[in-house]
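Multiple structures follow.
Each of the next two complexes has subunit A plus one more chain, namely subunit B in the first and subunit C in the second.
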Partner chain A sequence: MFTLNVNGQSHDVDVPPDMPLLWVLRDVVGLTGTKFGCGVAQCGACTVHVAGQAMRSCVLPVSALGSRPVTTVEAVGQTPAGQKVQQAWLEIEVVQCGYCQSGQVMSAAALLTHTPDPTDADIDAAMSGNICRCGTYARIREAIKLAATGRTTAMPTVPIAAPAGPGAQS
Partner chain B sequence: MNAPLALNRRDLMLAGGGFTLAFTILRGGRAQAMADARPQAGDPAAAAADGAPAFAPNAFIRIDRAGPVRLVMPNVEMGQGVYTGEATLMAEELDIGLDQVVLEHAPPNEALYAMPALKMQATGGSTSTRAAWQVLREAGAVARVMLVGAAAKNWSVDPAACTVERGVVHHAASGRTATYGELAEAAARQPVPPKVTLKDPKDFALIGKSFRRLDTAAKVDGSAIYGMDASTPGMKIAVVVQCPIYGGRVKSVDDSAARAVPGVRDVIHLDDAVAVSGDHFWAAKTGADALKIEWDGGEHADFSTAALFKGLDDSSLNGKALVAREVGDVGRGGGHRLDAVYQVPMLAHAPMEPLNALVHVRPDACEIWVGTQVPVRCVDAAAAVTGLPADKIILHNHYLGGGFGRRLEEDSVRLAVRIAKPLGYPVKVIWTREQDIQHDVPRPAYHDRIGAVLGGDGLPVAWTDRVTSESVMRRWVPAGLRKDGLDSDTVEGSAEPPYDFPNLRVEWVRHDMPNGMAVGWWRGVGPTHNLFKVESFIDECAHAAGKDPVAYRRALLQKNPRVLGVLNLAAEKMGWDSPRSGGRIGRGVAVASPFGSHVCTMVEIEVSAQGEIRLLRSVSAVDCGMVVNPNTVEAQIQGGLVFGWTGALYSQITYEGGAVQQSNFNDYRMMRMNETPPLEVHIVHSSEAPGGIGEVGTAIAAPALGNAIFAATGMRIRTLPIDRGLLVQDKGAQKAVLTALPLGALVLAGAAVAGSGRSDAGEEA
Partner chain C sequence: MKTRPTLRIALLGAVTLGVSTLALHETSILRASAHAQDAAPAPSQSVQPASAAQASPLVQRGEYLARAADCVACHTAPGGKAYAGGLPFKLPFGTMYATNITADRETGIGSWSDDDFVNAVRKGVGKGGKHLYPSMPYTSYTAMSRDDALAIKAYLFSLPAVRQPNRANHLAFPFNQRWSMWFWNLVFLKDRRFQPDPALSAEENRGAYLATALGHCGECHTPRNLAFAMKANRQFAGAELQGWRAWNITPDKRFGVGGWSDAQLADYLAAGHANGRGSAAGPMGEAVENSLQYLTPQDTAALVAYLRKIPAQPGEAGTEVDLQPAPVLASSAWAPGAGDTGGALGKHIFEGACASCHQWNGQGQQTPYAALLGSQAVNDPTGLNVVQVMLHGAHMRVRGQTVFMPVFGRGYSDGELAAVANYVVSHFGGKPGRVTPEAVAKARTAG
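Up next, the complex of A and B:
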């Protein structure tokens, strides 16, 4: 049994000690914003913050977490850097398929937390572990620079529903 | 602009070739299905399953008494921005704002959602906007006519005296207003107009403007639900292990260790795969790793990439060639002759979201949660596996975490249903990245033998091009083949080059993969492979003629103003006439007309003495006709280029002993942030019909890069992926070659360096 602090909430989870944090988050805690992409820390889709540091949750055994708090994409908007990054992502229209973007947002938010005014080299260093198959890198760079200025504005949101029908759960 | 509800013109417009043509020439039952997808009254079945909206004039629009207008998306959103584009088309004619709509994924229903370009409910071939352009504007216009008609009837006024702004109908003379919601029930009683008048493009309020995408807010805060994120009560997770060799079988399994893993529920034995289900992915994965499986590789156990290319070469020389297109007589006249062989590898799609499907097989029905480009094919596959009728298969489509052609196949859903069938409980089958890459339906390899005869002015007087490959179409949509068996996708981008060649002959030789090994569509389909060859070889011709590559193309494009236009615009923006000098820096150009659009990409690169390639800057100009959303066009060109360059720089699926040798992003590399140059995109203003855009950048990327490498090093790249060993300046430095290592990756793959050194400038690579 492990006690996790995820997004400010405490969760008791009965899982094997070698179970990666990614799967604890997705399959036990029920937070699916953190994505599975490769399982071997090659793509960064699973990036979360552990005590404020960007980490690849797909290779982080839950037993290695200790008491360190975890922040996921669902709550990163409550941090100043995360909020700026999410706004900039919408303003620059970064997203395409979006599957990698949870990880991109988390890596970028960690970068800006520690390096508020990053250079291109800083961005390369912090972001080159995150693959985007849609190729949104140029806009990610632009969005990070916008977020660093803090001059973002609030965006409207439009929900998209799954088709209604018998048994629709998702 | 009066728009009769007829299909012919659009069909003709879309019949460009290949992927699109395959569908366009389908006839029979599907044609009727397509007609049914036209704006129609009632659509009671869909409406009943949809909360019985007050007004559902057709399959795409739902207006309730209160709340936003609901728009049902006939195509799937996999990053290409089509949800925003299709919503824009309907909202434009409805006279509502994009902030007044909510979007819904369409259920599988070919009768309602098959679009005329494909005649089936599928998303691919850069066809969505081209197909929806007319259909969805008409859908919006029909709804508007009925809503305004209802208001006019209530008020006993002339409908023509009413105006609409943001979903509110006004009658200026009487000062009366009514919202669409208030009018919904009365509108449902209005006759469906047989004809509608669409807006003149000069009156467009939404089309042509960069409105923010409608799907992105949920994609930056983690709330968007992909197939991978679907859940249902009682769900377990399964991991599948398929035979490493295509078509191979399980000989024996020892699953005792797997069953002993805490959290493992079941081991599912199939003849070609074994799956383990568990309380969570980790239990299932740990169980799957503990399986001891002995495989019978079967008839593919000796298949190798080396044998494949040897076979392709042999077929190219000795196989039966079908003539795709012939102009004049290529045997006529003499001059300086050039010949070359180009080869491109098999490729995996590797979408960021690995394959997955949540399936619940019950005695009376089967429910599926998945993100797919082909929902109806998935339903048919599930029906075949379960024996249930298709109307008992309930499929919930989702956002796709990338498609690129991989999700045009239903193989993963079929396998997931086979796994779920004996279990009784809902199970989400997740492919590991290794399973995803090694069990793709890969893009086929191509072998191209190309030649030209240059006349006295250095321009080609004859052009010959023989493509040799397997056919995707003959498996995927055999009815799309020409009567003599020609697969037009294999020559799309080859058969009709934009240049003025007086004599041309383009052929295709079919070379079957052994024993039906399946190959599939990959982003950019035919043009991705053909433009690499055509645009590289025209560069060879320019070099042989001693001409500048842009000037040479200009001379051949005098009768093709739209292509000439993008070439000139890109050249101006790049500053082509004032090249950077020094070092191994070079610029490449490629120009073409894929998917009904016209594009020119130029890229400036630097090649290190060790053969490393660094992209410095890229400029693209695109003319895709009328633009629905310029921001999306720019994004698709940018992303498409990265996708195409990734392929050229890194990608190949190779086989040895029948098994795929690549497994994950360490040996199936992707371009990364630190490798991506600034990507300028310039859009040509046009009033022509819209062209496709989702695959244009991918198709034009590789030849621009290859030509830049030639300019920088004198090495002509004729084989992909690019062999860095050929670009090493100093043979002694070869040991130091590494391909642009990602800074942030934990595990880095050293690139294999070919033994061959740099040959003389201009020699074949």
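Up next, the complex of A and C:
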């Protein structure tokens, strides 16, 4: 029996000590916002905060948690960084299919908590472990910058070559 | 000193044949390890002879000793029945198979007398005078007491007999000539029981017995001579086997474990991880899983006490463990320092595939086993073990938990893995790595 502090609430769970936190959250506590992707800490979809740190819950045995508090995507909006990230995500319309996004939001919120004004290199270091198969990376980067600074910057775009010759101007 | 002619001839023969058998031995140890890795239900699950309450004290003692001697690692095939043999040892000149040591009378050792068993374990001569190959570590087991050998036999005979015929070895000439082991043994087998060293305490002598007669640590950790016998004057100085490096475990402060605390050594042996010193993987991970984790705290402490007493051995300059490498000091858990240089490709892959567990400051998260700072592997410029772990992953069942790292060998090219290994050595070891794509390609086939 373990007593978990998840999103400020206490949960007593009767699970094997080596059950990954992800399954405790999804199947026992009933918080399904955190997603299963790869199961081996290679995609980031299962990211939660443990004592403020972004962690891959799919490889974190519940017994390793101790008394550290857990925050999931369901409650990250109640933290200052999480709130900014979610607002920026809406404004930039980052999400495409959405499956990876709870992990992306959690990694981004953790980044802004310890690095309020991240450089591109900081964003690479913090976000490279979160994979998005829709390829929303450019919008993720933009939304993190918006959340950090309150300003939008020009997003990188692929120039489309206009057909040359007469009539192109008309 | 002059050698007597008869001995010289014997020596010549032994060296000639010994050189052939040496490769045999080397390959076999690590083959066995590599196979045992994805195999073998842990003895605790698969080999419950009788409940502890039913087993006689002799059988219980034998079970403990069989674990301390790690018999199961080689005598069990992947997915096979415990101690029924069949583990292949694939060698350049053929394949050998570990034998069935269950009590089946026809296919195992059920018809062996006590003397047959003791001779096999301590002299490398099986029932009927058949010479064993030294892939069976009888040059270490030779120090075992008769009582202990017979306790192991009693334990093996308490288990269900498994009818599983031994597979015939397929060895090319001259490796198929078992009699040649007679020469090798003449020179390299010191047929002597363990003698307590009066200069050592009772605890240290117990540790010596555990490390040599039972645990046969030197079979991997002691470098070998041309005929593949262990070099007595370089005991535990470290050696390379089959693509892995077995580290220097002497008390040398710079190259060995002299700087480790008693608690670190004990934790590493008993749980496969020491805070600030990294984690066991590969063959050592198997030794922890199958054998060392079952030692009593007293025996673990005895091993530690003994490791303090063996002569310190120097290592190769440039392989010292750097406990405070500058790139790590400049990093936080979540980001490298601004001036981090270590190769763009390696860093790029590390931040996507590795950092979420290992972290930039080498502390590791999700599990302490992911901590890299202070490990010997990341301080080895050749990156041998770093490459092996990336290629094959890690899997160790210890203390009721599974410690694992995914396999990266199939997802990344030789050049990419070399770049990551060099980045890891430069970042966590504070020294330039020398891993080449060719070395990674070679390591792929070495396991």
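The working rule: the second predicted complex is superposed on the first by the 149 of 170 C-alpha atoms of A that agree within 3 Å, B and C clash if a C-alpha of one lies under 4 Å from a C-alpha of the other, contacts with A are read in each partner's own complex, and residues count from 1 in each chain.
Assume a residue touches a chain if its C-beta (ideal position, glycine included) is under 8 Å from a C-beta of that chain, and two chains touch if they have at least 3 such contacts.
What you see is a predicted model, and the numbers here were worked out from it, not measured in a lab.
Engineer: Could you look at A:129 and tell me whether it touches subunit B, subunit C, both or neither (first, second, both, neither)?
Structural biologist: Touch partners of A:129: subunit B and subunit C.
Engineer: Just checking: does A:69 make contact with subunit B only, subunit C only, both, or neither of them? Give me first, second, both or neither.
Structural biologist: Touch partners of A:69: none, neither subunit B nor subunit C.
Engineer: Scan A:86 for contacts with subunit B and subunit C and give back first, second, both or neither.
Structural biologist: So A:86 only meets subunit B here.
Engineer: Which partner does A:44 contact after superposing on A: first (subunit B), second (subunit C), both, neither?
Structural biologist: both
Engineer: Return first, second, both or neither, reflecting whether A:56 touches subunit B, subunit C, both chains, or no partner chain.
Structural biologist: Touch partners of A:56: subunit B and subunit C.
Engineer: Using the touch criterion from the header, give the chain among subunit B and subunit C with more contacted residues in subunit A.
Structural biologist: B
Engineer: Once the two structures are superposed, pull the subunit A residues common to the subunit B and subunit C interfaces.
Structural biologist: Comparing the two interfaces on subunit A, one with subunit B and one with subunit C, the shared residues are 18, 40-42, 44, 56, 59, 124-126, 128-129, 131.
Engineer: Looking at the complex, which residues from subunit A come into contact with subunit B?
Structural biologist: 15-16, 18-20, 23, 26-28, 30-45, 56, 59, 72-74, 77, 86, 89-90, 93-102, 105, 107, 123-141, 155-170
Engineer: Inside the complex, what are the residues of subunit A that reach subunit C?
Structural biologist: 17-18, 40-42, 44, 53-56, 59-61, 63-64, 110-111, 114-115, 121-122, 124-126, 128-129, 131
Engineer: Give every residue of subunit B touching subunit A within the complex, in rising order.
Structural biologist: 49-51, 72, 77-81, 83, 98-99, 101-107, 210, 212-226, 228-233, 237, 262-263, 279-283, 286, 350-354, 367, 369, 394, 396-404, 430, 432-433, 631, 635, 638-643, 646, 664-666, 670-679, 742-747
Engineer: What part of subunit C is in contact with subunit A in the complex they form?
Structural biologist: Counting only subunit C, the residues touching subunit A are 332-336, 338, 348, 351-353, 355-357, 360, 365-367, 400-402, 404, 406.
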